[in-house]
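Each of the next two complexes has subunit A plus one other chain: subunit B in the first, subunit C in the second.
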Partner chain A sequence: MKKTFRNSLSILLAACILLTLPGCWDSLDIETRDIMTALIVDKKGGECYFYTEVANLSGKKSQQNGDQSKDNFSILTSEGKTFSEARDDYNRKTVNQVFLGASRILIFTNRMADDGIEEYLNRLRGQLDYRKTIPLSTTFDEPMDILNDVPENSASVGFAIEKNLESIVKEGTWFSMNVGDALQVLASKKAGFLVPDLAVSNKAITISGMTVFDQNGKRIGKISAENRNGIVYFFNPHAIFFYDIRQGDKKYTVRIIFKKKKIVPAYTGGQLTLQIDMSFNANLNFADKLGPVTQETQTKIQNQLESRIKQEIEQTVKTSQQKYRCDYLGFYKYFRASYQKEFEKMNWQDVYSHAQITAAAHVNINESNIPVES
Partner chain B sequence: MIIRKNPYREILSGVEAQCSDISKKIIKCEFGEITVLFIRQLTDMELLFNQIVKPIMTQAGSVDRLNADIIACRIVSTEISIYKMDRNMIVENLMNGMTVILLSWDKNFLSANIRSVAKKSIDSPELFYTIRGPKDCFTENLDINLSLIRYRMKDPELKINLLRVGRRTKSRVAVVYINDIANETIVNDVLQRINAIDTDGIIASGELQSFLQNRRSVFFPQVGLVERSDMACTGLLEGKIVIIAEGSGIALIAPKTLAEFLWSCDDDYDHKYLAAFIKVLRAFALVFSFTLGSLYIALTSFHPDILPADYILTLAKLRANVPLNAFTTIFLLEIVVEILREALLRVPRQIGPAIGIAGAIIIGQAAISSHVFDPLSLIIVSLSFLASFAMPDYTIMNPFRLLKFFLMIATATLGLFGFTIGFCVIITSIVSVNSFGVAYTAPYAPYHRHDALKSIFYSKNSASTRPAFLRTKDHTRGNGRK
Partner chain C sequence: MSLTNRQLFFFVFLFTIPFVTSMLPKMMADSFGTGAWIYLTAASLFYSVFAGIIAYLGFSNRGKTLFEYSRPLVGKFLTYCFSLIYFVNFFIYTSTTARSMAEIIHAEVMVNTPRWVVMAVTLAAAGYAVSKGLTNLGRIFEIMGILILTVSIFTRFLTIAQGDVLNLLPVMDIAEPKKYVSMVPSSLFLFSGFELMTIIPFTKRNGTKVMGTAVFTVLFIGFFYIFATETTYMILGVDDCSNYNYPLFTAVRRIDVNALQFLKRGDLIFIITWITEAFCNLSIILFATVEYARKMLAKQGSNFVLAAIGILAFAAGLLPSSAAMAESLALHTSFYLSGFTMITIPLIFFITQKVKNHEKNISEQP
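Up next is the complex of A and B:
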């Protein structure tokens, strides 16, 4: 009897707790939050600015804009002397609690990049509701120009930029760089990193190149998109590029597919040597004139490609060593794996900028869309 | 003519007083008075007159001596038994539908079986519909049900234990098993539980089922339902025990594990890979049926960040104008669905589709367009509703219909953490159940590799042994091929 009473009491108590608590804790339905999809951080005249694109869930349409799809997102700005103040200002302007989990892109203006992005990235490190996989980028344009330049085929700037970056990474012509990657490099304190740079051109957002950041998270330069081949080979394991090779009176277009790379560091007597060995598969895609290609021509194309890619790799490394004196290509990871103690003690920046680099590229034309004459 | 005084007139008047609905036919002959007692509703009148009354009337005068033995052996051609004259025995026989013949000069009486109970013919199954399997299902008549099993099972080792249950109904219950296969302990356990039943009556197998359940863990069904005789025979060959109650078209089968509730006889008739796919699909359907709503609550109210960003936006837009929070939405919809389920089960078949249309289309469409519910929650609840019908044996879904609400409340309280706790509680309670000493989660916990594989990839030609968890006397089925 006593036991039955105790059991009934426990069940009643459990039921009461479960029935009274629903929705009391940290639950907040997704539709009652302001969902941010893009964030631009700017610093101007000692003030911090946030420019955000927020999903407009209420469905209220603006009068000016004729295109209804564009009304699905609103632009919200805030400012303050510090990031905390700017955030406080932002919170006071938003209707609901901000949801950061759906942010698609984080953009720093060139002013902010010059000042350094480390502080803001470290803020993100501590904020659990930010995804660490948000792609990073920079821009020389004004934030409002970027946010107002919604592409025709997308309702959101955030989604459009993210998808653009995603697609070119998948195509093998770019590499991914997100908040997590940047935080990892910054934590090493010895290397820099590259971030895609966006620009508004002919009313379209385009990726114009990449911004070089040093080990302190400050912008030290920009590399144009045309000179990216060598860089992409270091970061994208599925890199694919097309090369036009002139051989005789014909111009051949070759598709180069990155196969593997091997980087061997050697450190003797304070001198660092890096041996870079990259292998590629190639496909003779087409020629400007009809007709078969001979084995001899194919070998010549192969040699020409090897020398050209080798040159690109060497140039890429040389730029990082001599122009920027910053290891943004990530050689430190290979060196640290083999010489951990030495790495901790040394000034990697100095050692790297004086390192001897030997690069080799091996191209194997294993496919051909053009008939091969044996 | 010598008319002897009927020595049992007192018994007869006592019987008549006790059973008001009995009918009587008195035949007078030179030896005395022959009284034929019967209940009109339970007796085949044609047989009564052609095989009992008429032969007695015509032949009674032509024999030198007439007693119960002579009537049973020479005159009446139906199945007949002789008993010592006893009032209680007479009443019991009459209540069982027998026709009782009393001879005024004999100390014995006769009981003839010319029962005629209104019964439906062997019909197609309604609960366990099969595409390729036999469609002859049990009826409310126990003898027909036993004959259907006997027809398929020509094994002399097939044992049928007939028991009487119910103080007043005295319903017959048949415990059927194959003597040299079924585990003796389980058989004894079943017989013991049925013998221990002390109630006024058992009308159908559903009532019997409640007596066969373990008292401490009655939430999950430990006895399966069998509607078709082929299912019963398959179970018997596995080493199981089939329990058929008189007056019920659904038999019971024991022991039964959770995984077996997800199997259908059609699986044995299909290709084993297709059957495996369907079994896995049913397992997913079972989990979906009670978790989908809770997961929706967890994702919408607590952890939207684990969803891809596109889905977050879509979800938020769908729910933008809904006044109710996710928990209330799902809870109310689940209640609506349960009401619909009940309504569909109880109404006549002709009205059923109309209620389905009213429920699904009119209420659903109106609820969405008026922004009472969001479309996704309606999809989630409908999916979970449909998933619950994927089980071949619907009884397994009953506990999960209730547990679904428990899981929803736990999730609405603590988010995914609450969901995990609730899910673990359910899993723990499932694992602690046993069916007549057989672990409910066998052969996966305790794990038996061979049985676990065979439970998914089963085909008769490759299953040379019976499941080990049933602890059968004869473990081997055969070699597959001679």
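Up next is the complex of A and C:
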């Protein structure tokens, strides 16, 4: 009798644990959730708008456009005076409870970016099912133009943009910026940050440049993709770029691989000096004409590269100091590491914008696909 | 009823770390910034001395717990008084731990599951584990402890790989002295756990090494705290740590292991491990509470005492109106009671024991 009672009690306890602790109470079948893959946040005329791409799990064909590839995803929109109201409107329109954990991209329109994205990012801070590792971006295009785009090799706009960003970061020609990174910079209250900007060009979504945000999360400008080399060297430790160098009658294409950087701040008498040293490895990839390259030519290419990269770095910093008066390159972390007390008291924006910059680039051609003449 | 030295290490380790590590980075970021390691190192060195004292008392009175060896040292009345302090201390920890565990699980993992259900189920499961006795608890927690430690260290290394070392600078960020003073009560909360050794009878098998184990355990906990705090800083930065109640979870959620597609979201294993950790923690505290109650009521091995304390802890756990209140209650308990259980009472026993030994030596001299 006693044994039967103990066994029953054990089974009851096991059942309670299985039903509650592994999350059965919270679990919902996948088809009973609206799985969001992309979100565009917009603000116009004082109203907040959400445009979302939602995975279509019902198997029903979409009526939104004639393209079959869009059948797997639906576009849902909502609006309200505040984000909470817009979300409320969204909840009233959707059939199922929304699942945010599968979101691949968060896009802010330029109108929203002008108004400031800090409030929305703070809203995400507290939302548990929202991954803080999803990439951020902005756009000057209309949200429906972005969501109605048909990317090649992907049915979802959200997945396509995420993959695109991931691949260019991996290739070394861009840098990653996600919700968590933006939240970290905003928490410092003294620095700005850069967010990739998307545009629909020739029916394809392309990364056209980057939007500059200040310490309050407001858009203060845009930098075109062509001027990004200097910026990528600051953020991507695996940055790789190609440079065309003319030497004599030949044009050489050189692959530059970022090696390391050293930033040394010095602060005396209220004047900040930043010494930036970057080292690169280089690979002589090919030339427009056949024939070996001499040691002397190699040295000349090296010198040309050093001066060009140095110029790029200086221009990058100068733009942030003079044009935007905003430290979006993350110098504040280096300064704070050495001058914690001064940093807390000072107006970093002022000090940074008047800082003296010394930049140096060291290039070492350690590989050559072109025969080297000894 | 005994534990090996390794089991003792995991007992104290699992008693101390789960809840503290989840909120420690916020506490440290608010008070010490990147200089948190200085405070944690100093505190672990300080408390390791008292852990050594409790282990010495247990070693000098082999086969006895504090309740048993205190009678010849301080008399029956004081024995009951001291045991009552330990009991109240552990009881409050049991109820606040059950509540905090429910709050964290509710806030971070299962937002729809009511808190009282999590509390009831975890307390019932912990109660079942406690009913199996110290030796069985020691064996199972030794295995769980190894798994927990391995996963924790693995997750922390993932954090290092994806974090920014600049967030840890300046290394020597020395805070104002008044900050160190204001954080003394919190240090009691951070290191509360080794007083558990007062209910573990040591045997010959533990040997003199048990004192080294006790000291090492507290130092290791200090190191683990530093590791957890610094790696969280690496991901969130000191400024952002202050914006979360449980920064450890936030930091783990910001890790994507792209190289391992099957393990892309490392937070899943981390959360499962943390729940296991919290369960072990609750079982150990409940065990300590029940042992003191059983000894005072002279009801050795009584499951009635266990059930009664489980129900009372559940009811008491429901009393705080919010998570913040439950945490504040735990902090105040540590300030008012843990000071006695971790420092004052062991010190009284240590001095009394030394005096008695001295008297004995004198009386034995020809």
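The definition used in the following text is that the second predicted complex is superposed on the first by the 344 of 374 C-alpha atoms of A that agree within 3 Å, B and C clash if a C-alpha of one lies under 4 Å from a C-alpha of the other, contacts with A are read in each partner's own complex, and residues count from 1 in each chain.
Criterion: a residue touches a chain if its C-beta (ideal position, glycine included) is under 8 Å from a C-beta of that chain, and two chains touch if they have at least 3 such contacts.
No experiment lies behind these values; they were computed from the predicted model shown.
S.K.: Applying the document's definition of touch, where does A:Phe286 land relative to subunit B and subunit C: first, second, both, or neither?
M.R.: Neither: A:Phe286 stays clear of subunit B and subunit C.
S.K.: So, A:Arg131: does it touch subunit B (first), subunit C (second), both, or neither?
M.R.: Both partners, subunit B and subunit C.
S.K.: Between subunit B (first) and subunit C (second), which, if any, makes contact with A:Leu57: first, second, both or neither?
M.R.: first
S.K.: Does the superposition put A:Gln184 against subunit B (first), subunit C (second), both, or neither?
M.R.: The second partner, subunit C, only.
S.K.: Looking at A:Phe83, would you say it contacts subunit B, subunit C, both, or neither? Reply first, second, both or neither.
M.R.: neither
S.K.: Just to be sure I read the superposition right, which of the two partners does A:Arg33 touch: subunit B = first, subunit C = second, or both, or neither?
M.R.: A:Arg33: touches subunit B, not subunit C.
S.K.: Taking the superposition on A as described, I'd like to know which of subunit B and subunit C A:Tyr334 touches: first, second, both or neither.
M.R.: second
S.K.: For A:Leu13, using the defined touch cut-off, is the partner it touches subunit B, subunit C, both, or neither? Pick first, second, both or neither.
M.R.: second
S.K.: If we overlay the two complexes on their shared chain A, which of subunit B and subunit C does A:Arg104 touch? Say first, second, both or neither.
M.R.: Touch status of A:Arg104: first partner only.
S.K.: Which positions of subunit A sit in both the subunit B and the subunit C interface?
M.R.: On subunit A, the overlap between the subunit B and subunit C contacts is residues 17, 21, 23, 25-26, 131.
S.K.: Quick check: in the complex, which residue numbers of subunit A touch subunit C?
M.R.: 10, 13, 16-17, 20-21, 23, 25-26, 125, 128, 131-133, 166, 180, 183-184, 187-189, 333-334, 336-338, 340
S.K.: Touching residues of subunit A toward subunit B in the complex: what are they?
M.R.: 17-19, 21-31, 33, 35, 37, 55, 57-59, 72, 99, 101-104, 129, 131, 159
S.K.: Mind pulling up the subunit B residues that touch subunit A in the complex?
M.R.: These residues of subunit B touch subunit A: 300-302, 304-305, 309-310, 312-313, 315-317, 319-322, 325-327, 409-410, 412-415.
S.K.: Touching residues of subunit C toward subunit A in the complex: what are they?
M.R.: It is residues 33-34, 107-113, 117-118, 120-122, 124-125, 128, 164, 166-167, 169-170, 173, 235-237, 239-240, 242-244, 250, 253-256, 258, 275 of subunit C that touch subunit A.
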